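Each of the next two complexes has chain A plus one more chain, namely chain B in the first and chain C in the second.
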Partner chain A sequence: MKKLNRRKKVIIWTVFLVLVFLCLYACGILIPEDVIASDFLDAKHMPSWKHPFGTDALGRDLFFRTLKGLSISITIGMIASAISAVIAILVGISVAVGSKPLDSLINWLIDLVMGIPHTILILLISFALGRGLKGLIIGIASTHWCSLARVIRGEVLQLRSQPYIAISRKLGKSSRWILVHHMLPHLLPQFFVGLILMFPHAILHEAAISFLGFGLPPEQSAIGIILSESMRYLSTGMWWTAVLPGLTLVCIVLLVDKIGEHLRKLIDPYSAQE
Partner chain B sequence: MIQRLIRIFITNSLKMISLLLAVSIISFILVCASPIDPVQQYIFSLGTAVSPQQRAEIEEYWGVNEPPVERYLNWLGEVLKGNLGESAIYRRPVADIIGQRFLNSLALMISAWILSGLIGFALGCVMGLYQDRALDKILKKICYILSSIPTFWLGLLFLLIFSVWLGWFPSGFSSPIGVLSENVTVWQKIHHLILPALTLSLMSFSNIALHTRQKLIDVLHREYAQFARARGEGKWMLLRRHGLRNIMLPALTLQFASFAELFGGSVLAENVFSYPGLGSAVSAAGLNSDVPLLLGVTLLSTLFVCIGNMIANILYGIVDPQIREVHK
Partner chain C sequence: MALEAKNIYFRYNRKQAWILQDRSIKIEKSQRLAIFAPSGYGKTTLAMLLAGYLKPIKGEILLNNMPLPRKGICPVQLIYQHPEMAINPRWKLKRVLDECGTYNADIIDTLGIEPAWLDRFPAELSGGELQRFCVARALISGADFLICDEISTMLDVITQAQIWNVILRETERRNMGVIVVTHNRYLADKIANQTLDLTV
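For the complex of A and B:
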């Protein structure tokens, strides 16, 4: 087979990812509740053709629970990382205004959010909002913007010293005009790559927080909840309840991560030499 | 040189104090905003019926009806005196619980930190030396995969493989159940520490490995390294004479800056292995609305991360001559 270049690979992977996501969404909507209802006659079964991931201690089919959980995780991940990326670009751009106190304030703010371990901060926020979907999304969104904001800030600082920006300013263009016409086009690729690379982190944190019991309510079938339930039955040898749902999550994360990395190398060819 | 270090130290300390104050305010606001009523939870945990009058007494004793600013100032004053309040679930002073559990957590985090640093650095060197060979590619893949695996899932896998199937390690706690704490030997403690520490270090070594690899490749492409190669120095000699000196301190800096992830990871690892450290305390505190404990751990974790960042900044100032020039 002819070797594909990076752009083609990205397109193929992205199409694949979109298909997977659509399938998961469809599953999340279409799977009726009674498929994952508990059935004590069918409990604790090993993976088989009837139940590809086996059943848990309450006899719920793990395959469908995992699919449902993934569709929830993906939704949360997308909303949270989108909000987070928007915060990041707003914060990053506000450096472009050029006031020094504002810049130090932003730096301080970034240090502040980075100073509290993310798990603890999300836990606090989710505690403050009474544990649940809202707390989870706000918690993840308000902790993940820092590194992207730093990248965008650096980019803005670099752009600001470019000659064409100075010329544009001398020609009497307003800061807003320069921002929209000269800076945003440079920042958008960074923004999208940042957004995509943020997504895996967001769903990993979602799973972790649900695992600790602060996220979704226990009757939901989020991955974190399935895994935390499985912990109780590990010693009885029910390996499939822990291994298979986690593995699917890892696959999704790896897939998104791969696309993000490829995209990053596309917009920044220097780093492709690594 | 020393004057400069002192200056970095002072600016960093001032920043740290401002951050800690901000964190205390933010976490206090968050806790206050919570719809989960601590008094209600407390009464719930008592398990007995409480008359409205008794409830009012509890509220009076806890001071929940005072205005938030006053409550915050009271709390902050007590914290500065070293009194973090009394934990609602353990019925002991928070400072005691934190002190005791922090030692457990510290043992876990330090061993994971050292382990991940050593593994990461060694693998990074190997990857850098064998750039673009099969070994490098395989290791790089492993690093990428490991950084996408959730900590708690890896912990579950380890638990499953090493303690359920193979039975090599106990499945939790920092010492055997049913043995008095005075009789626990050091070996038993280490035995219980190995799995959580391994989980935690596997989660964080990929970062340092990839960073070291990149730095080493940069160094090996420099002219002095090429000259050394032309003189006939082998790979390992090259690493020892030119590589290590250049990449050791940046790696150490990065490792100090990773305290936040270390702490976050330890929360998960401790919960998986039911290891009695701060991480399991904080999630128990959150689930049972133990506000004093939650606030205490948050402050401590921030302090911990800030100290790591400060050390990283100071090291960075020593390593990088460009930053040194700016500070002059």
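For the complex of A and C:
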């Protein structure tokens, strides 16, 4: 087979990822509740053709629960990382453009947020906001912007010292015009890579918090919930209740992470040699 | 109309020695001044100060006895020594010309800018080719003084002559003042009608 270059690989993987996401999202909407209703006659079955991921202790089909769980994960991941990335770009730009005290204040805030382990912080925020979807999204969004904000701040500071920015000002262009026309084209690639690499973090944290019981309510079929329920039955030999949903989540995470890494290398060719 | 530096002092930070000390320069419109000195005597610094890219620590830069305007097109335009740093690497060169508004098609032509270059990125052109764009950009309407900071150092002789011819013709037509910063005494003698030696 002909060797594909990185650009083509990214395109193929991205198309594949978008298809997977669309399917999962459609599954989340289209799968009716009665497919995953409990059926005690059918409980505790190994994976089979009828139930590809087996059934849990209440007789619910794990395959469809996993699909539904993933569609929730994806929704949360996308909303939370999008909010986070927007916060990051706003903070990054305002820090770099604003005054010195603002810069030190926000740098301090970034250090503070990064200093506390994410899981604990999300757990606290989610708990304080009454758990559920809202608590999770706000929790994840308000903790993940830091590192991207730092990258963007650095980039803006570096751009500001470029001669062509100073020349543009002397040609009578306003700060806003320079921000939109000179700076944003340099920042957007960083922004998108940051956004994509943030997504796996967001859904893993969502699963972790739900697993610990501080996220989504137990009646929702999120991956974290499925995993935490399966803990009780693992000792009885029902390995499939934990392994198969967990593996599916890991696959999705790895897929997104891979695309993010490839994109980063495309944008910053120097790091490709590492 | 005159551009004037009045007793300016400048250093890049407190630990360093003064680069410029009590330096005064005055240039009238339509005059051509060459600033001449070896490396390290603050030629570029002086050029940046006069164009308003740097602020003097003491003293002031005056245009018609007024400080340089902070907003709008600056009447004093500087052409950098390194054209590849003075152009946004993500912009096609068409945009670089568009940035300075309406440009004179005649200048583009006499500078030897070929239409095919407009659709290329800066990395696809040589330093000399990029410098022509910087010259065209600095000749924006509204500029009264042009400061050329060693703009022809990296160019071959034919290109140098071509670019200087355009600059001289255009500045004469528009009655602009020119400050030429250079190492090359022959160039200074040829172009300027007045020389300033920073070593003195």
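Just so it is clear, the second predicted complex is superposed on the first by the 272 of 274 C-alpha atoms of A that agree within 3 Å, B and C clash if a C-alpha of one lies under 4 Å from a C-alpha of the other, contacts with A are read in each partner's own complex, and residues count from 1 in each chain.
As a convention for this text, a contact is a pair of C-beta atoms (placed from the backbone, for glycine too) under 8 Å apart; a residue touches a chain by one contact, two chains touch by 3 or more.
Since this is a predicted model, take the numbers as computed values, not measurements.
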Superposition on chain A - do chain B and chain C clash or fit: fit
Touching partner for A:L249 - first (chain B), second (chain C), both, neither: first
Once both complexes are placed on the shared chain, angle at chain A toward chain B and chain C, C-alpha, multiple of 10 degrees: 100
First, second, both or neither for A:Y164, with chain B first and chain C second: second
Touched partner set for A:D268, first chain B, second chain C, both or neither: neither
Which of chain B and chain C A:H182 touches, first, second, both or neither: second
Partner chain(s) touched by A:G172 [first = chain B, second = chain C, both, neither]: second
Contacts of A:F211 with chain B and chain C, given as first, second, both or neither: first
Chain A: partner with more touched residues, chain B or chain C: B
Superposed arrangement (fit on chain A Cα atoms) - minimum chain B/chain C Cα distance in Å: 12
Chain B and chain C contact sites that coincide on chain A, given as residue numbers: none
Chain A-touching residues of chain B, taken from the complex the two chains share: 15, 18-19, 22-23, 26-27, 29-31, 33-36, 144-145, 148-153, 156-157, 159-160, 164, 171, 214, 217, 260-261, 263-265, 267-268, 271-272, 282-283, 286-287, 289, 294, 297-298, 301-302, 305-306, 309
List of chain C residues in touch with chain A within their complex: 51-53, 71-74, 77-78, 80, 82, 85-88, 90, 99-100, 137, 140, 142
List of chain A residues in touch with chain C within their complex: 162-164, 166-168, 170-174, 182, 185-186
Partner chain B, residues of chain A touching it in the complex: 108, 111-112, 114-120, 123-131, 200, 204, 207-208, 211-214, 224, 227, 230-231, 234-235, 237, 239, 242-243, 246, 249-250, 253-254, 257, 261, 274
